[in-house]
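You will see subunit A twice below: alongside subunit B first, and alongside subunit C after that.
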Partner chain A sequence: MLPILIYGTTLGFTLALIAIGLSLVFGVARIINFAHGAFFAIASYTLYLFFITLNIPLPVSMILALVSTAAISVIMYIISLSRVRGMELNEMIITLAFTIIVIELLRIYFGPSPLGVPSFMKGGITIAGYVVDMQRIFIVVISLATLAALAFLVKKTRIGIGMRALAQDEDAAMLIGVNREKMCIISLAISAILAGIAGISVTPIMTASLEGAWYALLNGIAIVILGGLGSLVGSLIAAFIIGYAEIIIATYVSSHLKSIVALIFIIVILILRPSGIMGRHHEIEERV
Partner chain B sequence: MKSRKESNKNIRTIRKERLDRGARARSKDLYVLMSYEDIAYVILPRVLPPLILLAFPLIVRDTYWHMVFFLAGYYAVASMSWDLLGGFTGLVSFGHSLFIGFGGYFTAILNVWYGVPIWLSIPIGTLAGAAMGTLIFAPCLRTKGVYFSLVSLVAPLVMVGSILAFAEITGGEEGIYGLENPLTELQWYYIMAGLVLITFLILRKVAYSNFGLVLQAIRDNEPSVKVSGINPVRYKVTALFISGLFASLVGSLQAHKLSFVGPSYFYLSISVGIITMSVLGGVATIIGPAIGAYILTILTEWLRWLGGLRMLLYGVILLILLNFKPEGIYRYLERTYQTFERQVVEE
Partner chain C sequence: MKRGVSRLTIIAVILVVILAGIAAYIFLLTPPEEVKEIRIGIAGPLEYIHGIGHRRGAEMAVEEINNAGGIIINGTRYMLKLFFEDTREADPTIPVEEGVAAISRLATVYKVHVIIGGFRSDVVIAMQEEAMKYKIPFIVAGASANTITERVLENYDKYKYTFRITPTNSTTLALTYIEIYKYLRQEYGFTKVYIIAEDALWTRLMVDRVLLAYLPKLGYEIVGGPTFVPLDARDLSAEMTDIINSGAEVIATIFSGDVGIIFTKYWADMGVKAVPIGINVYSQLETYWETTEGKTNLEATLTDVGTLEGPIGGTFYQAYVEKYGESPVYTAPATYQAVYLVAKAIEKAQSLDPDKIVKALEEIGYKGIMGNELAPLGNRFLIKFTKSHDIMWGVTDPNKGMIMGLQQWQDGKRVIVWPPAAATGELKLP
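And now, the complex of A and B:
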């Protein structure tokens, strides 16, 4: 029971970081970002590049990895996404094409096999007779810190207020003087950083792999639908539901069936409550 | 200011004028029959491509190229069926390979494990595959197209995982071997060429009928469709099933031709290939995706040395096309065929 709780919690935090970024971009910029999984993979691989290949100290290479992930997301927005704003279908296809390009380039440069990175901290803590390694503690701590920072950013700062205004009513926000393009870029960069933090912190456990991008995207999508598109709290709750469910299925049934959990959750929630667990229904009716 | 005007007056500017070439011929009137030139103008683009398609094996006797054209036809049918969803209904499917895979697997299970003969296993497998795919996608049709796109990306990835999990039915990683394949390459070529033509005729009929009009209305403005007293969900499910039918049929044919099905039928590269071909040929034109499929399949076959870089090629093509040339090849061809440019001297 305890292992499930521990693994589920770490997975839940990781998935929460991934899904909240996806949800944020949808809420603020109205972009369904299929390139989100690519950000996850970019962060893992750039960490490997800086930390292992170039031998830069860990904290510096973490920051470099995050910065490069954010920079790539901004470049993606500027060179191609900004041209097709408002055309939803083209946005989706372009972000998917971007994911494919990134994954193929990573495959060319780093090779197809997964790359391992050593744990950031050695040792472990014993909780109720079960040893929890420091990496998982690190994931939980860094995720909590990130979520707190994100909550502060969204609730208190000028940028966050602008974002929330855009999410509530785009026209009114722009009328007041919120710079929509700037906010879209900032929200995309923040979401890339969130995915990047998730990618970096799980790299020692999961290794930097190309499948990681699809795994992150698949679960991110499932969580965002389960929690309600654009709802950050809903994503947080749904991330833990899916995290625990996956661990339970992987432990008791089969690890191959892990991914089917996501699809079953999506289909059930779309039948029972299409707006998601935290989505407000009238708002969804308008948007969806 | 004055001098500029004067200088403008003196220089004779040349501009391009674009004239409609076939206005008389395209008026769908008896005028068409006035000259052989007009008759040829109307008939040639409709008759020549199918003739080339049917006469191709007589000109090129290399079996290898028959196989390439079979593959191109496979993609053509799949992308035309994608176009009914993505182009006409506004449901962009990122996982059209789901239908292909279901069609292939159902056919294989029927043929190999229950011994159903080929002429029964293909239709039953096709129907079952389309029904199964529709069943999975149907819940997301109550909401806007975004949900459909999200789920359609997830579903085939999940199916690959489930195939490995239920290895005793699906054969796992190795797939199912030994489907009945009584036909030669040339016969498969003609089956596929016929299927491409029939699919085009049927899908064009569907897309430009009243049914297709409702689909386009759903794409452009779903609330207005609801207000008109039409249930959009029913139309979307029907469109999904029709589209799935063709994709599933292609999968089941492929399964019999290769005598093999495996998880590769569900791979994302197939879905992305279908999208790339449709965008290349021109979305919402039905014939466009088929043109795109033939061009891109032959191109990738020609660039075989790229090997695993095929996906990269698809991604780059998609990115460039959607940013700079979203109209697609077919619309460009149509425009240049129906108009001609000439230079006019302006006084």
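And now, the complex of A and C:
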């Protein structure tokens, strides 16, 4: 059981970072952002570019990778999404196309082979005979710090209050002076940064790979649906449910079924409880 | 006083004029020696390591042959010229049609006499069809599917233009694997093995028909697995926990994709005691130490001994590293030798007729020739073709045919630890 706890926890934190960004964008901007996986991959590859190729010190490379990822997300919004706001199908298709374009560009520039980045922290600790390396401990620490910072931003800052206002009632928020476009851009940039932090943190373990984009997108969507669209707390809980479920399935049943755990959750939740664990969109449920 | 021109002067002038005329005829009027081309097509994934190996191996051989004066056919000097076509086949999403189009262009636009290359078996099978259509000798230098050469036996007249210089086919790859485990059992006394492989048709066949069938006969207890890992797996913690709990001493691995990198990282991160010995294609690469930040230490994989510093491929390795600044992959020495084989066959046939080239290749191949006698930098193992035009497998003896080696990462260096004829060190255990 101990390995399940250890590795399920690190996986849960990673998935939480991926999914909360996705949930945030839906909550504030009402965009189901299929480009989220691309941000995960962009951060991984730009970290490789700055840290390995250009030999820039790791902390600076991490910041540059996150800034690049956020900048690309904003550019994507300005040149495409802002023109189709409110047209959900168009938004989904555009963001999905963006992901494919990013993957192909990364393939052309970096090649199809995965790229390795050294662990940020060396060594490990042994718990009851099982080794936990420092990179995984780093993932847990950075995830906790990021989630705490996000909670502070959402609860205590003007930007966060604006986001919450938009999430609760868009029209009312705009009436009291909340700039919707600005908030959408900020939430998308924060979302990209969250996906980027996840991408950067797991790159030493999972490598920078093109498949990472789909991995992040698939798991992100499953978690957001399970947790409830737009619910940050729901996404956090759902990330751990899926993380532990994947590890348990792989341990006791089959590695193959692990990859379909997220898909099964998507189908089951959409049928039985479309609003997810903590979702606010009960109207969906009522319609069903 | 009038003085006439002396007779002697007149004769001298006439002689000079005649000699100048002869010289002019020799140096100016005689047409230069006719030099023609032997056109060799290289078809491979030219932007990827495998295709880069094809390109560089071919360039090295052509440069050497042309600098030595090329090839004389019926009194006419021929220089070798290379034509490249990118098949992009190293990318699994690229359809086989790109390989077919590459062969078609080489045949119809560049009108090559011979084609060398190929990497992905499904693409190579399609490329083979196209090359056979134009009756162009096709030397496969990278794909292992048995089908490619089985076709020569099934329909000789159609497929006789196909030869394979590397690697050995899937069957010999599997049998080499078993030879290694026989050696490990005898020399190191391992008994408990865990089998883990990426989930692909070829790995399932190898596990079911070879590992599960033969390892128990060698005295091994299969304490865990076979576990087939999805090709896109990114978390192997459950699999590593299973290996730890199984009490395995050795992990029989089969990975050709990037999940092998994930395997190595998880194996090291989780402090698994059992040592991985098998196939992990990515770990063959010189850059793998950096890719895994040294986590691959003591991991062992089957590899092409021609790509490493050692008694078999050392000469080529050194020349390649000096020229290109990095280690070769297996397609490089193979293509290098293939160009020499083709040159020798054409010289022997004294013709560019494809049927005559095939006959000459068969005669050279059936008789066998040591790689380093064939080419200055060739691998020191016997190059010999079987009836199916496959390269002969020498098991552990390079004098009997091509051999593969077991490479182990030891403190940042790739050391060949098996077979003894190719070894540069001994297997180290954790």
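As a convention for this text, the second predicted complex is superposed on the first by the 279 of 288 C-alpha atoms of A that agree within 3 Å, B and C clash if a C-alpha of one lies under 4 Å from a C-alpha of the other, contacts with A are read in each partner's own complex, and residues count from 1 in each chain.
In the analysis below, a residue touches a chain if its C-beta (ideal position, glycine included) is under 8 Å from a C-beta of that chain, and two chains touch if they have at least 3 such contacts.
These figures come from a predicted structure and were not determined experimentally.
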Superposition on subunit A - do subunit B and subunit C clash or fit: fit
Partner chain in contact with A:Thr126 - subunit B first, subunit C second, else both or neither: second
Subunit B versus subunit C as contact partner of A:Ala250, first or second or both or neither: second
Touching partner for A:Gly212 - first (subunit B), second (subunit C), both, neither: second
Which of subunit B and subunit C A:Lys258 touches, first, second, both or neither: both
Subunit A as apex of subunit B and subunit C, Cα-centre angle in degrees (nearest 10): 70
Partner chain in contact with A:Glu88 - subunit B first, subunit C second, else both or neither: first
Touched partner set for A:Phe34, first subunit B, second subunit C, both or neither: first
Which of subunit B and subunit C A:Met62 touches, first, second, both or neither: neither
First, second, both or neither for A:Ala192, with subunit B first and subunit C second: neither
First, second, both or neither for A:Ser113, with subunit B first and subunit C second: second
Least C-alpha distance (whole Å) that remains between subunit C and subunit B when both complexes are overlaid: 5
On subunit A, the residue positions that both subunit B and subunit C contact, one per complex: 107, 214, 256, 258-259
Interfacial residue positions of subunit A with respect to subunit C in the complex: 3-4, 6-7, 11, 107, 111-116, 118-119, 124, 126, 130-131, 133, 135-136, 202, 204-207, 209, 211-212, 214-215, 246-247, 250-251, 255-256, 258-259
Subunit A contact footprint on subunit B (complex, rising order): 86, 90, 92, 94, 136, 139-140, 142-147, 149-151, 153-155, 157-158, 161-162, 164-165, 268, 272, 275, 279, 308-309, 311-312, 314-316, 318-319, 322-323, 326
In the complex with subunit B, residue positions of subunit A that touch it: 32, 34, 80, 83-84, 88-90, 92-94, 96-101, 103-105, 107-108, 214, 217-218, 221-222, 224-225, 229, 254, 256-260, 262-263, 266-267, 270-271, 274, 284, 287-288
Touching residues on subunit C, where the partner in the complex is subunit A: 47-49, 90-92, 199, 227-230, 232-235, 237-239, 241-242, 244, 258, 261-262, 265-266, 269-271, 282, 290-293
